[in-house]
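In this document, chain identifiers A, B, C and D correspond to the written order of the chains, with residue numbering beginning at 1 in each.
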Amino acid sequence: MKTVLMTAFEPFGGEDVNPSWEAVRALEGKQIAGATIVTRQLPVVFSEVLNVLNQALDEIKPDAIISVGQAGGRSDITVERIGINVDDARIPDNAGKQPVDEAIVQDGPAAYFSRLPIKAIVAAVREAGIPASVSQTAGTFTCNRVMYGLLHWLQTQGSSARGGFIHIPYLPEQAAQHPGAPSMSSANVIQALEIAVRVTLEIKEDLKVVGGATH
Amino acid sequence: MKTVLMTAFEPFGGEDVNPSWEAVRALEGKQIAGATIVTRQLPVVFSEVLNVLNQALDEIKPDAIISVGQAGGRSDITVERIGINVDDARIPDNAGKQPVDEAIVQDGPAAYFSRLPIKAIVAAVREAGIPASVSQTAGTFTCNRVMYGLLHWLQTQGSSARGGFIHIPYLPEQAAQHPGAPSMSSANVIQALEIAVRVTLEIKEDLKVVGGATH
Amino acid sequence: MKTVLMTAFEPFGGEDVNPSWEAVRALEGKQIAGATIVTRQLPVVFSEVLNVLNQALDEIKPDAIISVGQAGGRSDITVERIGINVDDARIPDNAGKQPVDEAIVQDGPAAYFSRLPIKAIVAAVREAGIPASVSQTAGTFTCNRVMYGLLHWLQTQGSSARGGFIHIPYLPEQAAQHPGAPSMSSANVIQALEIAVRVTLEIKEDLKVVGGATH
Amino acid sequence: MKTVLMTAFEPFGGEDVNPSWEAVRALEGKQIAGATIVTRQLPVVFSEVLNVLNQALDEIKPDAIISVGQAGGRSDITVERIGINVDDARIPDNAGKQPVDEAIVQDGPAAYFSRLPIKAIVAAVREAGIPASVSQTAGTFTCNRVMYGLLHWLQTQGSSARGGFIHIPYLPEQAAQHPGAPSMSSANVIQALEIAVRVTLEIKEDLKVVGGATH
């Protein structure tokens, strides 16, 4: 039996919930495409988040990893293309720290591309009637730190496991407090994440379809 | 037993569904706050839509009327404040007609304010965890035509019935075809419309809370 | 010699300048299409703004009136279609007052359409290479109050003078303090307003071209 | 005397002008902070653009390089943080080619960070009253290809020259054809680029100020 590790975050930025954890925890123990989902909540704390992630990776030795985070203001499921080697916090983290232009890994490479079949995931999620797209930036906050840290861990461990990051919109109940902000129902997010797991396990080679941006 | 008429539209603009009709038809026959919901689908045809509406009003003699329409690109439930006396079609209607700057009612007043308790509806929908806001414009297409036409009918009939218009976002399956567009689940829209009916029937005087725009 | 009155506002909402006044005061005394421009600054104070406007109208007896206001967040010159009979202040005015859902004129009509050739102005401004569009709502703050008040004055005075309202974007120096906000140079705004005056004086019948919104 | 190479692009995507070239060519031969500006226009053609760039670099041996490109839809001067090793063309280039998910440099690093003092440039441009911000993605079209290609050339040549990429908005005359799109005057863009050159030559160490994104 294969194991898929899914991570998500605790609330931050004044929110009561984090939609990533609301969705991911609903998948704990679920069987998808012959694999079991194991979940972990990560702290929105720069100095701790990769310790918690790495410990989970060491302990679980997953066959694939999908990390999930909240992207308040985005309308759709966004599958991240790349994680970059920098922390530049627009707001303080949950420990009150706000690093600016610090490398995540000293002398690490500038970036890692996702190991997920990002185009195939977007296509399959849309096919299911749920808005999705490729994103060219995961930002420079703890989400990007987890994406970069995860891919750096896989690289330095010599692992061939697939792994990457997916951002999700606010929940409707969050957007009700942010007039004008788009949202997505928990049911849709959960279904999209199940699709992402299935595609990650079943699709060997990613689709060659457009998912870029002119800028 | 009171009767509430709810109207919604057929698909237009190249869409296969209209989320307004998907939501409203789910409420047909439902009992809310001591009233029965009766529903009608309206054509997205300038020359016909008010005939169909007025015939329904004559036949049903509803105690309250809520008309609903799709606002592709908006993120939340938007309760319209005002309908204005002009058709100015950005795209052709379903009969291929595109009126420009024509009065809906010759020598009619420039506008009618909604007779719904718009602030109380927005507050109650948000309270239920569903994004909502007041909108200062219903546009100049068939939605605005229905809003103006409805309020003109109530006025000229000497009716004291409440009536107004609510715009709703794309469904997720529509937004999946419009990258970047926000959406709302059918379940959330239906719940919001039920709340709107209940508040319309139960709240006598609208709330005095901010819902304006600086421009 | 004809006279055109142009009004603009003092700064509000924490800004140091109001781009409407920066542009309009540059036109003081200018001759356009055989008319002289006279300018007035209006206070962003609900209880005073129409007194100042009406006094200027009584005193100057202009042949045409164009009122201008700041629309922070809009990208282009927006020529307003309609002013509505309601104050609903999203933020306090410069006297600290924040009226909610109060009629501008008790028992006044719900709205007045602009008396400007709005489509012809938009077309001519675009032709000059400056972004412009028709707007279906002037909001519910002091800008809308001036538009409604101006058109009500013209109506009740039996005047046939043309009059209406134009919103303009932030200046670049304002947008530099509002990351992500669009802006327009003072030179472009001034040129657009000159065109608006010229078109208002020279074009008898407005163009029949699309300028509407589906919602 | 030092030399600064500035590159910009030919028109693409159906436009008659490219605002990057309109601004950059105005700087040809100009002296800024003790350096002379040399300019080159680049083709919006994936298969050619780096040949033209590299030839210019070989020939001019500049002390610093700032490449500039159009970002239609952005409101402000955006200084790019990173170029990534992928072409994924949302639209065809000027030769009709549309590469999807192809590496710019086979076995090249995933990304290069800008060598410009991006925070100091943003701060100085804003200080001059012109909207600016850091961007976390240069997209995946020819702009990103130039940024990555430039930084790869500097790296492989063992050069310590500063270099990077700046995106600029539409010109007003372009935005007049794209209703709703923001724009910036040529004068403001030119001034912003002069500031970028000056800061690049004069500021040794970049500012430590926030310029990140949560996602």
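Basically, contacts are C-beta pairs under 8 Å (C-beta built on N, C-alpha and C of every residue); 3 or more make two chains touch, one makes a residue touch a chain.
None of these values were measured; they are calculated from a predicted model.
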item	value
Where subunit C and subunit D overlap in contact partners, by chain label	none
Subunit C and subunit B - chains in contact with each	none
Label of the chain whose CA centroid is most distant from the centroid of subunit B	D
Between subunit D and subunit A, distance of the C-alpha-averaged centres to the nearest whole Å	30
Centroid distance [mean C-alpha coordinates] between subunit D and subunit B, Å	47
Subunit A-subunit B separation of Cα centroids, rounded to whole Å	38
Junction residues of subunit B - those touching two or more other chains	none
Contact graph of the chains (line, ring, star, complete, other)	ring
Subunit B to subunit C touching residues, read off their complex	13, 69-74, 81-82, 84-91, 98, 100-101, 109-113, 119, 136-141, 143-144, 167, 206, 208-215
Subunit C contact footprint on subunit D (complex, rising order)	75-76, 125-126, 129-133, 171-173, 175-185, 187-188
